[in-house]
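Look for chain A in each of the two complexes below; its partner is chain B in the first and chain C in the second.
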Partner chain A sequence: MNKKAAFDMIVNIFRLLFVIVVFYSILFLARAFIAQKVDIFDVESKLLAHRLMFSNEVSYTDKDIGRNYIGVIDLKKFNSDEIEESLLNSIYYGKINSEASAKLTLKDLDDNIEYETFYNRELYDEKKVLVEAKLIGKGSAQSLDTNFYVLIKDDDKLKRGALKIEAILPNS
Partner chain B sequence: MQKRGFKFLNKKSQLITRNMIIHLGMIGILFLISFVLFSYVKSIEKDTEFQKIFLSRDLALMMNTLYSAPGNVEYTYSFDKLDLSKFKFEFKSLEDKQVAGVIDESIAKTYPYAKPSQSKEENLVYNANSIKFSKNAAKLTVTKNE
Partner chain C sequence: MKQFCPTAKHKKGGMGLADFFSILAFVLILMVFYLILHFTIGKIPFKLSEYSTNVEDSLSLISILRTPVIVDNAEMNIAELIALSSKDSAKKSLLEKTATKIIEDAFGTSRCAMLCINEQQIKSNGCGTLVGIQACSDNTAPIPGYDGSIIKVSFTSDIQPLNLQSAP
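Let's turn to the complex of A and B:
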């Protein structure tokens, strides 16, 4: 093979590589404009946070008239031993809930005291590690914090409070 | 020694012929790429997989939203640009969970939703142009909208 032929061969190899790159670029661009996934994590986690916030299990209920006061957190209910069980029953995904979990942190702004409880603690503890490790893809999870200003009903007193709900949902 | 290439062509003509073959090959590759891409996009256009995933997710989210509502709700689910009658919908309480979504001959695309543990319902809606959701207290009913 003479010098000219060798040069031509090298040029043709580069040409071929260029054509392959162009081919894959076009394929990549075509795929980029075709939506194949539906990501509703933000909506799902906000919905879970509002559902927990509006639930009878944490809100103050006037037993005489049966009215549920949204945005008024009953401290007795919040600190009771049964709250995790009752939250799981009111937002019931099934016997084994591998769909959603959350941590509820209630801050008493008047006395600067924090209380916390969980919705589906087992899954929360399992997935929190993955969220902190910032792992992505299936099997991992994402978290989203939602904050509400609330009133805390502590016996007869009403105090100012902030409820932070950290929802953790597995990636699907 | 016999020269390679076309016997009836001189060196310059051989070069022109080789370049022509390369260019014709490239044009062939271009047509091949266009054909592959057009077939790919055409196959996606016909494919209803994404619509099924979208509808299943949307219906599971709809069930979650309706159960989140503190009061009674009536809602009619329909689309202008999507013919819902092409799909079969399923809302089902299984032993360990409850799911909503689209079912077809090949595979079911369903997603779980949460409800109060005491309520139990099983509904199957299919070939409906719109679906009616009625929530009364903790009970949610899904029916074909007539």
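Let's turn to the complex of A and C:
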């Protein structure tokens, strides 16, 4: 191989490297602005909290006119034995619900009493351990608290209350 | 050996001018495309969580307005007290006291929550550490006043500190 041929080969190697750089630059530009992973955990858990809040299983319903008062929690419904089952039936995530769970804590601000109930308690208890262990990745779960200022309908009295919904959803 | 680009003739001992300009052009194109994509795609905000916070604050606002309160031995709700206080300024201190208690009891004293009644801002104790004037939410509930005016009420449950680093 003479000197000129050796020089040409070095230049061509340089050009080949340049073509590779061009190729990867286009790939980088195309992929840099495409969201490959969208974390919808916040939206999913807020959606569950809103579904629970808007559910007529916890809200006060005026039976005479059939109106459901969102933001007014019926204490009788909240403390009833059937609430967990009725919530599971009304907020449907499939026959075997392994999608969503929540703990609802209602605090009576006037009398300083706390009431609590669960949505899908079985899954909540199972996943709460993983949330507390702060494990990440598939198989684990995350939790998000949503707070509402509500009114509590206790017989004829309207009391001030705070509703905390702790939604626990498994990581998919 | 056959060259990849036969038009790129170079002098002996150095690279051709075409090679140099091709690299320069490529770098420029890369920069232009990056900037275009950055200022178009990069600026689209993901607003779903923001909308969700608006729903929570709106629901809390409805409950705040429905909260019963005793005014001069008569039971009314906060919405009626707001309308009354726009006519009778003596009721403003009662309104402020009652609203602050509701906000602090429900959302805690460490968090900055604010009830806006027209220009008036009723803030929780947690707002004390925040510098500057906080903006009220755009989600307002209209309350008719006794003089026929409309009183705009809004509620924000979690006000974040102002980013003073980005201020001019």
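The criterion applied here is as follows: the second predicted complex is superposed on the first by the 137 of 172 C-alpha atoms of A that agree within 3 Å, B and C clash if a C-alpha of one lies under 4 Å from a C-alpha of the other, contacts with A are read in each partner's own complex, and residues count from 1 in each chain.
Here is the rule we use: a residue touches a chain if its C-beta (ideal position, glycine included) is under 8 Å from a C-beta of that chain, and two chains touch if they have at least 3 such contacts.
Quick caveat: nothing in here was measured; it's all calculated off a predicted structure.
In the superposition on chain A, A:Y93 makes contact with chain B only, while chain C stays out of contact range. Once the two complexes are laid over each other on the shared chain, residue contacts for A:L144 go to neither chain B nor chain C. Residue contacts after overlaying the shared chain place A:V131 against neither chain B nor chain C. When the two structures are aligned on the shared chain, A:I70 is found in touch with chain B and with chain C.
Contact with chain B, but none with chain C, is seen for A:R51 once the two complexes are overlaid on the shared chain. In the overlay built on the shared chain, the residue A:F18 is in contact with chain C alone; chain B does not reach it.
In the superposition on chain A, A:V43 makes contact with both chain B and chain C. Common to the chain B-facing and chain C-facing surfaces of chain A are residues 12, 15, 43, 47, 50, 70.
Against chain A, the residues of chain B that register as touching in their complex are 22, 26, 29, 33, 37, 40-41, 44, 50, 53-54, 57, 61, 64-65, 67-68, 70, 94-98, 111-118.
Residues 4-5, 7-9, 11-12, 15-16, 18, 22, 25, 29, 32-33, 42-43, 46-47, 50, 53, 70-72, 109, 146-151, 158, 160, 162 of chain A are the ones that touch chain C when the two sit in their complex. By the touch criterion stated above, chain A contacts chain B in their complex at residues 12, 15, 19, 23, 26-27, 30, 34-38, 40, 43-44, 47, 50-51, 54, 68, 70, 88-96, 99-100, 172.
Residue ranges on chain C touching chain A, taken from their complex, read 1, 3-5, 10, 12, 15, 19, 22-23, 26, 30, 33-34, 37, 41-42, 48-49, 52, 55-56, 59-60, 62-64, 66-68, 102-103, 105-107, 157.
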